[in-house]
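Look at the two complexes coming up: subunit A is in both, with subunit B in one and subunit C in the other.
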Partner chain A sequence: MKIIGITACTAGIAHTYIVAEKIQQAATEAGHECKIETQGTIGAQNELTPEDIKAADVVILAHDIAVGGVERFKGKPVVDIPISVAMKSPKSLIATIEKKLGKK
Partner chain B sequence: MELKEILDEKIIDLELEGTTKDEALRNLSKRLLQAGYISDVDQFVKDIYVREAEGPTGMGHKISIPHGKSSAVRKIGIAIGRCVQDVKWESCMSEDGYQDTNIIFLFCVSDDNNFAENHMKLLADLAGKLGNDNRVRKLQEVTSKSELIDVIINDSACVAEGEKTSDQEEETIEELDIDLI
Partner chain C sequence: MLQDFKKHLMTGISYMIPMVVAGGILGALAKGLGGWEVGNLAPDASGATIFSYLNAFDWGQFWWAISKLSDFAMSFACAVLAAGIAYSMSERPGIVPAFILGYTANQAKAGFIGALILGFIVGWLVNVFKKYGEKLPKALQGLLPVLIIPVFVTFIVGALFFMLLMGPMTAVMTAIQNWIMSLNGGSKFLVGAVIGACMGFDMGGPINKTASMAANALFADGYAAPESAKIIGGMTPPIGVAIATFLQPKKFTQAERDTGVSCLFMGLCFITEGVLPFAANDPLRFIPCSMVGSAIAGGIAMAAGVETPAAHGGIFVCGLSTNPLMWLVAMVVGSVVTGILYAIFKKKPAEEENHEEEVVDLDLDINIE
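Take a look at the complex of A and B:
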């Protein structure tokens, strides 16, 4: 699958980046392509392009504060979770998405 | 500017004293004061607790990442303390909401968002590196400051090629909604 997502935590200093890395690793290890945009105190990094979004099978929004640019994902399957869920269980997150979407 | 330039041995303490979270935080903050990173320990610690009140900063693997923004900050950096004895810390990773912490990454960040943006980018990179389970496990084994810095900076120091990053048990997600928006 092609997995994309956004992470955003309250302070935008630490969890945003840690969780982006955790999702990225869990997805890559499970054999998926993955790109995560971080929306932190320094603004958006690793920004998702229209091409990324078009090609994506699923969008993960892991956040504690509102994320910007959600309208970009219109018509896409979106998983909306608190950042702590992805922090705690990144692998299970990917596995559950695989199961729900019936894709490997 | 590179990551290693913000990893400053002067604000790393491999034998951090303190029997409580507060003592450990204050002792580590004193180092920041001595090294010229902050102007006031009390103000800085108070600002750290503002962020602490918003949610747990224990991230499992006995590591905590307190990270307030403070007006007392003169220079952006990250203090690292390895505790002589474990301290109890709020955590989202365990059932009872607490974990034992023995390594503290204390992010020293100004409350002025435009302050040293390039340093903030490096801190973000560093935070990302803590998302690697093998790295955080390796951190427990380091014996010197230079080794600690090496484990943080070098991806090759902590992940062998082809090696999975973690085989750790994690909580299974039972419910997950996937909606079209």
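Take a look at the complex of A and C:
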């Protein structure tokens, strides 16, 4: 499936990017397509396009602070978690999403 | 509920950090280059504004003007904090009332805690207005964000502040400041050590951020010593790990040794998060070592009365502190303590190079937005 998401941490310079990479890696390893937008202090990078969002099966929001542009995901299944969950167990995160959505 | 509370608070702090950094570093720069008495170098103040007779090509006056930038930034730090909190709770309509009230809190010397509480009250009240606003006739709904919310929320929360909250908030802030400023050597060491230990506990997690927040708050109110404990205490864990990999290379895998090198640089830049690969794999051994080093570093810095007028910047703000030598001493001693302790306690790596994450079911909800 196609997984998209947003990461945002408090300082906006480290965890945001580490976690984006972890989710990306775990998703790719499990055979999914994945794109993560990072909302650091510098602003949004690797922004999700309307096409990305349209094609996505699930949206992961991993954040400790408010994220911008959530209205873009209207009608999409959204997983809302603190940064630490994705930091500690990215593979479990992907596996749990697979199970709950019932598809590989 | 608590999770939400934390998210709003963290959003506010996240927005405030660059403000405090800009204000702190510019102020230190002005003091460093214009002299400690830069505040007295003001141009003739009889003009229409304090800048009317400014000669920006005069060395002293130029740095005086820069120190004004710093003052303005610091006086708006509380406003940005409140605005960030309210924005996180109620989106755009929360920004303006909270900005005004956060600045009011600063002017009333209710400081950081006042701004924080006002930010939450504004966010909550804006949400109430938004909820009941939906029942208004369509024609009036357009007025909600541009007229009703900015005017009424600011008025109501402002009135509440002046009538009820200002007195107690100001008293609390003054008491905290006086307490910290009145500490003598021994108790200063203790406060520094506590801030340092928090910084070294979870490497950028909630406890680390709480300690940072307290130090930033005191700094926004003009007391810069806790910033030394915060910055140095946050730098020693990654530097300490690097030292441990140099001391006992055999105990670390190749990947860990490589990470150790980048940790050294991240540590010098005050990115405590660099140490997470070690802390996550080996928390029981690593975290105590890191806390001890950070606590010693923070304690030394505060006991020596080192003030660092900056909220971030690592080694680059060392020169701005009131005592760069003790600043470096605190950093080196703390890092070496962490390094030696971890080099002793670290276990040799098992056969496999990579520690695999155990895949388990997580307790999460998937909601359709």
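In this section, the second predicted complex is superposed on the first by the 104 of 104 C-alpha atoms of A that agree within 3 Å, B and C clash if a C-alpha of one lies under 4 Å from a C-alpha of the other, contacts with A are read in each partner's own complex, and residues count from 1 in each chain.
Rule of thumb we're sticking to: a residue touches a chain if its C-beta (ideal position, glycine included) is under 8 Å from a C-beta of that chain, and two chains touch if they have at least 3 such contacts.
What you see is a predicted model, and the numbers here were worked out from it, not measured in a lab.
Trainee: Putting subunit B and subunit C on the same copy of subunit A, do they fit or clash?
Mentor: Superposition check on subunit A flags a clash between subunit B and subunit C.
Trainee: Taking the superposition on A as described, I'd like to know which of subunit B and subunit C A:Ala66 touches: first, second, both or neither.
Mentor: second
Trainee: Does the superposition put A:Ala20 against subunit B (first), subunit C (second), both, or neither?
Mentor: first
Trainee: Using the touch definition from the top, say if A:Glu29 reaches subunit B (first), subunit C (second), both or neither.
Mentor: first
Trainee: Scan A:Glu47 for contacts with subunit B and subunit C and give back first, second, both or neither.
Mentor: A:Glu47 contacts neither subunit B nor subunit C.
Trainee: Shared contact residues on subunit A, subunit B side and subunit C side combined as an intersection?
Mentor: Subunit A residues touching both partners: 10-11, 13-15, 18, 41, 58, 64, 70, 73-81, 84-85, 87-93, 96-97, 100-101.
Trainee: Which positions of subunit C touch subunit A when the two form their complex?
Mentor: Contact set of subunit C toward subunit A: 3, 6-8, 10-11, 13-14, 17-18, 87-88, 204-205, 209, 271, 273-274, 276, 280, 357-362, 364-369.
Trainee: If we count contacts the way the header does, which residues on subunit A are in touch with subunit B in the complex?
Mentor: For this pair, the touching residues of subunit A are 10-11, 13-22, 24-25, 29, 38, 40-42, 45, 58, 64, 70, 73-81, 84-85, 87-93, 96-97, 100-101.
Trainee: Going by the contact rule set out above, which residues of subunit A touch subunit C in the complex?
Mentor: Residue positions touching the partner: 9-15, 18, 41, 58-59, 63-66, 70, 73-82, 84-85, 87-93, 95-97, 99-101.
Trainee: Sort out for me which residues of subunit B touch subunit A in the complex.
Mentor: It comes out as residues 51, 54-55, 57, 59-60, 65, 67-69, 92-93, 107, 109, 113, 117, 120-121, 123-125, 127-132, 164-166, 170-173, 176-181.
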